[in-house]
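Sharing a structure below in structure tokens format, with a few things to ask.
Going by the order they are written in, the chains are A, B, C and D; count residues from 1 in each one.
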Amino acid sequence: MSQHIHVTVWNEYRHEKKNEKVASVYPEGMHTAIAQGLDVAGEITIATLDDEEHGLTHEVLERTDVLIWWAHTAHGEVQDEIVNRVYDRVLKGMGLIVLHSGHFSKIFKKLMGTSCDLKWREADEKERIWVVKPGHPIVEGIGEYIELPQEEMYGEHFDIPEPDELVLVSWFEGGEVFRSGCCYTRGAGKVFYFRPGHETYPTYYNPQVRKVISNAVKWAAPVQRDYPVYGNAKPLEIIKGQ
Amino acid sequence: MSQHIHVTVWNEYRHEKKNEKVASVYPEGMHTAIAQGLDVAGEITIATLDDEEHGLTHEVLERTDVLIWWAHTAHGEVQDEIVNRVYDRVLKGMGLIVLHSGHFSKIFKKLMGTSCDLKWREADEKERIWVVKPGHPIVEGIGEYIELPQEEMYGEHFDIPEPDELVLVSWFEGGEVFRSGCCYTRGAGKVFYFRPGHETYPTYYNPQVRKVISNAVKWAAPVQRDYPVYGNAKPLEIIKGQ
Amino acid sequence: MSQHIHVTVWNEYRHEKKNEKVASVYPEGMHTAIAQGLDVAGEITIATLDDEEHGLTHEVLERTDVLIWWAHTAHGEVQDEIVNRVYDRVLKGMGLIVLHSGHFSKIFKKLMGTSCDLKWREADEKERIWVVKPGHPIVEGIGEYIELPQEEMYGEHFDIPEPDELVLVSWFEGGEVFRSGCCYTRGAGKVFYFRPGHETYPTYYNPQVRKVISNAVKWAAPVQRDYPVYGNAKPLEIIKGQ
Amino acid sequence: MSQHIHVTVWNEYRHEKKNEKVASVYPEGMHTAIAQGLDVAGEITIATLDDEEHGLTHEVLERTDVLIWWAHTAHGEVQDEIVNRVYDRVLKGMGLIVLHSGHFSKIFKKLMGTSCDLKWREADEKERIWVVKPGHPIVEGIGEYIELPQEEMYGEHFDIPEPDELVLVSWFEGGEVFRSGCCYTRGAGKVFYFRPGHETYPTYYNPQVRKVISNAVKWAAPVQRDYPVYGNAKPLEIIKGQ
């Protein structure tokens, strides 16, 4: 595993400019809070929707080991060409961490092959995120649960493929549960979905949330290995009658 | 589980019309051989690429419990609108069985979220398909392995998500292995990929291959249940401070 | 799948004889309530701890397709020989449904390979069991959730192997979550763990709980197939130099 | 993840003393070849069956991060007390790598909950181990496959639970396939089964085999985290009517 990791934090960066409440919580944008919370040896690049090519040029993506994705209100504005570019990089090995409302992003839906729909509610309610896979590197240093005094509720059924590894499950005050930390492999790349992070709450300043994201970056970093060879293949053994 | 199953067998149906060898093996089309091999109580509908709407109208899909898909040479001619229609039906519960070269169909790639690429070779070589999950309903009545004297080779790496259940693994004379029977859930629907069935070989007359497909149809038939409710949700419990 | 299923309901049957409250809820024993709730075509046998050989003679087990297991206070009294007998039958294909406090039974721990420990609390609190795998046959006919007004709490971390399929997740009033419906394969046999059913509550009269257990019986019924051949094997192909 | 890893290599160490052919391949014992192949920052301890307490005292196990296990002819001589000691350490987080004929060890069977039986043949045949999960850290630096000119054959059905992650699948000259690299979690511990390594072949000198084992050690190293709290739990939320 590479020790020096190039992380790109991608943020839609719209709520912060338009909504006073969000701006007061994240005055420099959610990407800044997410980036500042990363305890990872390496480099961090910021990219946002309104940058040229959404900040995700071929050059940026080529040197990105792990891409973090936060988006909510403008999924439709992300160009299909860029989505396909990110998708290709994931299959080639780039890690992808999808946060909160990113569940409805084009890239997450394309990688999952499902609607990624869910129940939701904004009611300032308590969320308690329980660890259900205690030996997983993504929960290193995390207690039995993470408690967030106020969050948006996401509830089951969450229309995702059965996770390769289910690490976290949320309890909500209003009566729902949610699979909140889900690991997948797609091609040579690893994908982690992590639920919390509604724009009106200071969730990305929470040390435990930051720790999970930092752990996930290390877990999702690419393995150094040649990409598989596909297509027509000569036999490795003698075939009778040939 | 519904006992009376409506199966739709979809076939590209091009090789049979253009290639003499294929026509001699499947004079009435591969779909006919597949349909005749189904030991399932219910009704069978045939649909092909050159039918209007590829034979997959809303009406046909609405009453289809399980769709079987064979295609190879004309994946690109399948209209995106029809692909999306099939996709929506799978998420709502319709079973889908993807055969052989259907691995590269738009619908399979869309449901998997990966390239679905693989190694391949046409060399009239032997394939031996081993059962690795003996208690699975898809291998009911199947011996330890199915031996096919001549088949096209498909080899790893097969770029699919890790199967929810891996039921069959192939050995090839030329030295490769392949995950040949793979179960997935997508939304409320079940998906089974089954490897064998190159158009120039009489694979779909093989009784064991037919048995696997028949079993897969029963396994993939929809469960009778209301579709989940998504979207904004009222709390089921009282939220403090509200 | 066999349509005619032989079910054996095994109950420790001690609480009902000693505890007035339990006796008032289950006057004929919990096994009777469980058996009466089974909507399965076939035969039902009752077996209890204090029967000779715990009611699980070779003859009984040989003809059992699916064994249901409820126990709590006397796990240690189950003889190892009988545990091994049940274990062997599961590996040979018999289905096993482990209910509630059966999580700590010798047979469940032996099949799981983990401690099967958990958090618990008796506080007459509300449980809401959410469906997280809507297309699974075990939740056929079940709504989005099952609500039980009073149950014992079981909370994470539940020390089980990651389920092959996670079907149900519980929310508890006191703030915990729990993986409540878990599918496994062991050898040729299927195992389903289902959480609810504390002895002081009328849980096994609940129509939705009964439906889940009935569905699970059908899901866990053995596949008709020869048991795999193990041990020394002659080559199926010519080995060079031999 | 801990960077400094304490590895204990456990070897039955009997074949080497009794069988001239094995002694000629592994003159200092298989454990020495395995230990010399480890490219891991940390310390390596050797332990063998005939050491006091099999070399696995409480002290040794307490400081072991990852235990490697090779055994074949004397599984029955391993004391149950020591097996339970290793089992407890795995559930608490110690990694375990089980090699080749270790599939029939008491500890592996106890952790798997199945018979762990398989087909086998000693016929000096070729094995080709294919990578089926290219992004997994255990295959970092490994090519598309590892070819071993002569090995013992292990064939399906291999009676193990469906692996949490299937990383490697073997092709054998004699016509079989085998799931050769299998990841599991048990409690807080990670378990990796790796097939190759018959005592009469120089398999543990193969650089690719050594690389896989070294990668597996890093993958299986424990996560730093408090062990979960089990047992009676006070509510985290107010329960109505209490």
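The rule we apply is simple: contacts are C-beta pairs under 8 Å (C-beta built on N, C-alpha and C of every residue); 3 or more make two chains touch, one makes a residue touch a chain.
The UniProt protein names, listed by chain, are A, B, C, D = Glutamine amidotransferase.
On a predicted model such as this, the values are computed, not experimentally measured, just so you know.
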Ask   = Out of curiosity, which chains are bumping into both subunit B and subunit C?
value = A, D
Remark   = Via touching chains, subunit B connects to subunit D in a minimum step count of 1
Task = Between subunit A and subunit B, tell me the centre distance in angstrom, where each centre is the average of that chain's C-alpha atoms.
result = 30
Centre distance in Å when subunit A and subunit C are each reduced to the mean of their C-alpha atoms = 36
Key: For subunit A, residues contacting two or more additional chains   = 128, 131, 133-134, 144, 155, 157, 162, 164-165, 173, 175-176, 185, 187, 228-229, 236-237
Key: Of subunit B, residues touching subunit C in the complex   = 1, 93, 128, 131, 133-137, 139-144, 164-165, 173, 185, 187-190, 218, 222-229, 236-237
Query = Can you name the residues of subunit C that touch subunit D in the complex?
reply = 91, 110-115, 117-121, 123-126, 153, 155, 157, 159, 161-162, 164, 173-176, 184-187, 228-237, 239-242
Inquiry  = Give the list of subunit C residues in touch with subunit A in this complex.
reply    = 128, 130-134, 144, 155-158, 162, 165-166, 169-172, 175-177, 179
